[in-house]
């Protein structure tokens, strides 16, 4: 098998893993096993995988509230992810973060963020740190179309451009900022067009075409590693689920969503691989099965894990130990 | 084109530019004599922007101002007496001594206030634009900001919003090329601030901000677009502050600007250029100029005298005006 | 000990210089640092001594603070200069939602060795946007540590300790004390975070203060000494973590408390200190705790208005007479 083919199969496997993780997460949430809110990235897998497949473990990413896919694609451990989603002590953040705040600093995942555009300034700092330390790491900032109208987008892209920081600004334009359509909220037709304002390359690609995403990311990563500065990439995609699980989705029609089901990135890549004779029915079945069994184990791990002790809520605030009791009144 | 501005307006603009220059020079003097406390940010050298931008405006149009805002206040029609009184912290000042140089507002004259926070005026201009649109008037908003403000998040959020709603706002960058000590060429990665208009799909142009006629013409067009519902414009007026960032800047900014550069720009003095033009076009004669200078001198001196004679506010007044 | 007289500005510059030599991961980021040496000249010489490690930024407070955070998360020790404490408002999301929460929210995975240096305070006719004292907001925000010293000795030791700390620190310094002088040892030393210090021993009343109010407190104490009133001045130096032990010890000795800060009294840090004293040491108190602070108005420009709004020595003396139940002469 050609090397390319192996990579392609790996990309496919990773997309399926995210899809299944998200689908199972939706089910667990519906069954009342996950507290709070969750934001699923179903339909956007090509963006997560296409970009992260070009990164090394020591490269950085910042992700968003819709970040499970990025964490998995960057190598996140699904056991600790499910455990975090369920608020267990074995979770990535010992149950303190939940779905919207998963981080794994050992994998360069500088965290998901509950604030739209929260990752921009942080990625500038990571990029600056890389430059000051003189390594050839790169840093990727995933953000949604909603974030592109916020001030941090502007400040960060400008700073990254004047200092030529090794950053990929990756917009996952899924057409909706919560309920507000991209066309209403944005004064230009594409987020990539805004790269002009910072004198950096901007590319708008079909974000549901994994190979196109990967190709754009490869080019930008190479540019960044060579010290040529940041790139703005816009992956045009569509979220097939609501903004959050339980979203009544009054802002779009069923037809619109169904129309996009046709452009499902996994389905498209699956067909491509089958046409190219890289994937057959049997292999495909095995891939989905293996992933399901891994995820089922992970869910079991999470469900068996204990909740954190209530007193744990007072820990981890500072690196230098402060008496946990000191955080509240001494009374 | 030039003759589309009538001579009376020409002379009025010239008088305003001289007024601004004299006001600033006098304010610096008063500061040096410790009669003005705090600090002031003189706009000497930038008079063509203030006057060129404000001349096409009507009294009921709005203006949002910056820390370097005396010139814009004057050009928008503020009363010199009340301005000077505010600089001296007197109770007869525009803000009864509460604001000072950096916070002069004249709501009756459409002046929504100067601001001590870089980039803070832009969202306020958007709000005024929405209000105009909702009330259905044909007012416009002139939003002044410096080149330092173009890297603030508020710039981005405001231009996008003004663009999607086609608000009647003219975003006027007084590009004096330095954000305090940081040169604009180091602070942005595009060659012209007006290039950023492309990121919002609005018209943007970079113009010679020391040519008052050019500023006036471009502003007039932008105002026309705004009044007729065609949305915002970004005007990048390239100019230079002869003085430093503020009255405390060593050597008028010599720590971060070369003497050659400063001298070169002083050679492009907007007042001198306009004066030469007016003489060449025979709009201004020695005689009329004498009259203008005398008139300006009187009005500035009257303002200083008024401010000096005015009482300080009573200390207890500090607790008033917080809530309606 | 080899003592020299340094200004607060010099003490801070010396601390930065020493730390930058000691640890290559320390760098300074903010506006107007290189050519200008900082808007108060506080960094003069450092850009030349440490090329590439003093970084000028565009005016983008959100990105400045956020970049400090990102660099802190990835192996650096940034020192962020915000020009004025008032400009923290332009970076509030970064400070409150990101810097303060990231460690905790991610279950203790991250270290955030970040110092945000923010000159605060009134008294310079700088008007409402350049005169505020906002420390209470940040003390109120879990995850931040807050420092606000007064003397060059403390400034130097606390700047060094803050840079070495793995937690985010908001370091306030009153603009009016930049040029005030004091003895500073030439030898290396650190002042631990969270430790108050008695600047004047006394037995009649405890005056808890920080930042510029310590200077006013010492002047007030000197005047009251002539009237036979013995005031103990406790300089908190670090506001959070609060040095409760030192407070309790002094209150147990004097049984009378005055708390002073330049920020307005309402919901100021004095309210927290006062509440805690009455919760813990109610039986020790011989008089109600009083607080001195500014009126709850934005800082006005005109000198008579500004003087009226911010507290000084006189308000401290008046309050101490009141606490002691004595008439003022």
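Order of writing sets the labels: A, B and C. Residues in every chain begin at 1.
Methods note: a contact is a pair of C-beta atoms (placed from the backbone, for glycine too) under 8 Å apart; a residue touches a chain by one contact, two chains touch by 3 or more.
Keep in mind that what you see is a predicted model, and the values were worked out from it rather than measured.
Remark: the per-chain Cα centre closest to the mean position of all protein Cα atoms belongs to C.
Taking the CA centroid of chain C as reference, the farthest chain centroid is that of A.
Centroid to centroid, with C-alpha atoms defining each point, chain A and chain B lie 45 Å apart.
Work out the mean CA point of chain B and of chain C, and you get 36 Å between them. Here the spacing of chain A and chain C, counted between their Cα centres, is 40 Å.
Within chain A, residues 151-152, 154-155, 158-159, 162 each touch two or more of the remaining chains.
Contacts with at least two other chains are made by residues 57-58, 60, 62-63 of chain C.
Shown for chain B are the residues in touch with two or more other chains, namely 151-153, 186-188. Those residues of chain C lying in contact with chain A across their complex are 27, 29, 52-53, 55, 57-58, 60, 62-76, 78, 93-94, 97-98, 102-112, 142-143, 145, 165-167, 193, 241, 244, 276, 279-280.
Those residues of chain B that touch chain C in the shared complex are 37-39, 89-90, 93, 95, 97-103, 115-119, 148-149, 151-153, 179-182, 186-188, 255-256, 312-319, 322. Contacts from chain A toward chain C in the complex involve residues 60, 62, 91-97, 101-105, 110-111, 113-115, 118, 120-130, 132-133, 151-152, 154-156, 158-159, 162, 315-320, 322, 326-327, 329-331.
Interface residues of chain C facing chain B in the complex, by the touch rule stated above, are 31-32, 35-37, 39, 56-63, 86-87, 89-90, 124-130, 295-298, 300-309. By the touch rule above, chain B contacts chain A in their complex via residues 151-157, 159-161, 163-164, 186-191, 195-196, 198-202.
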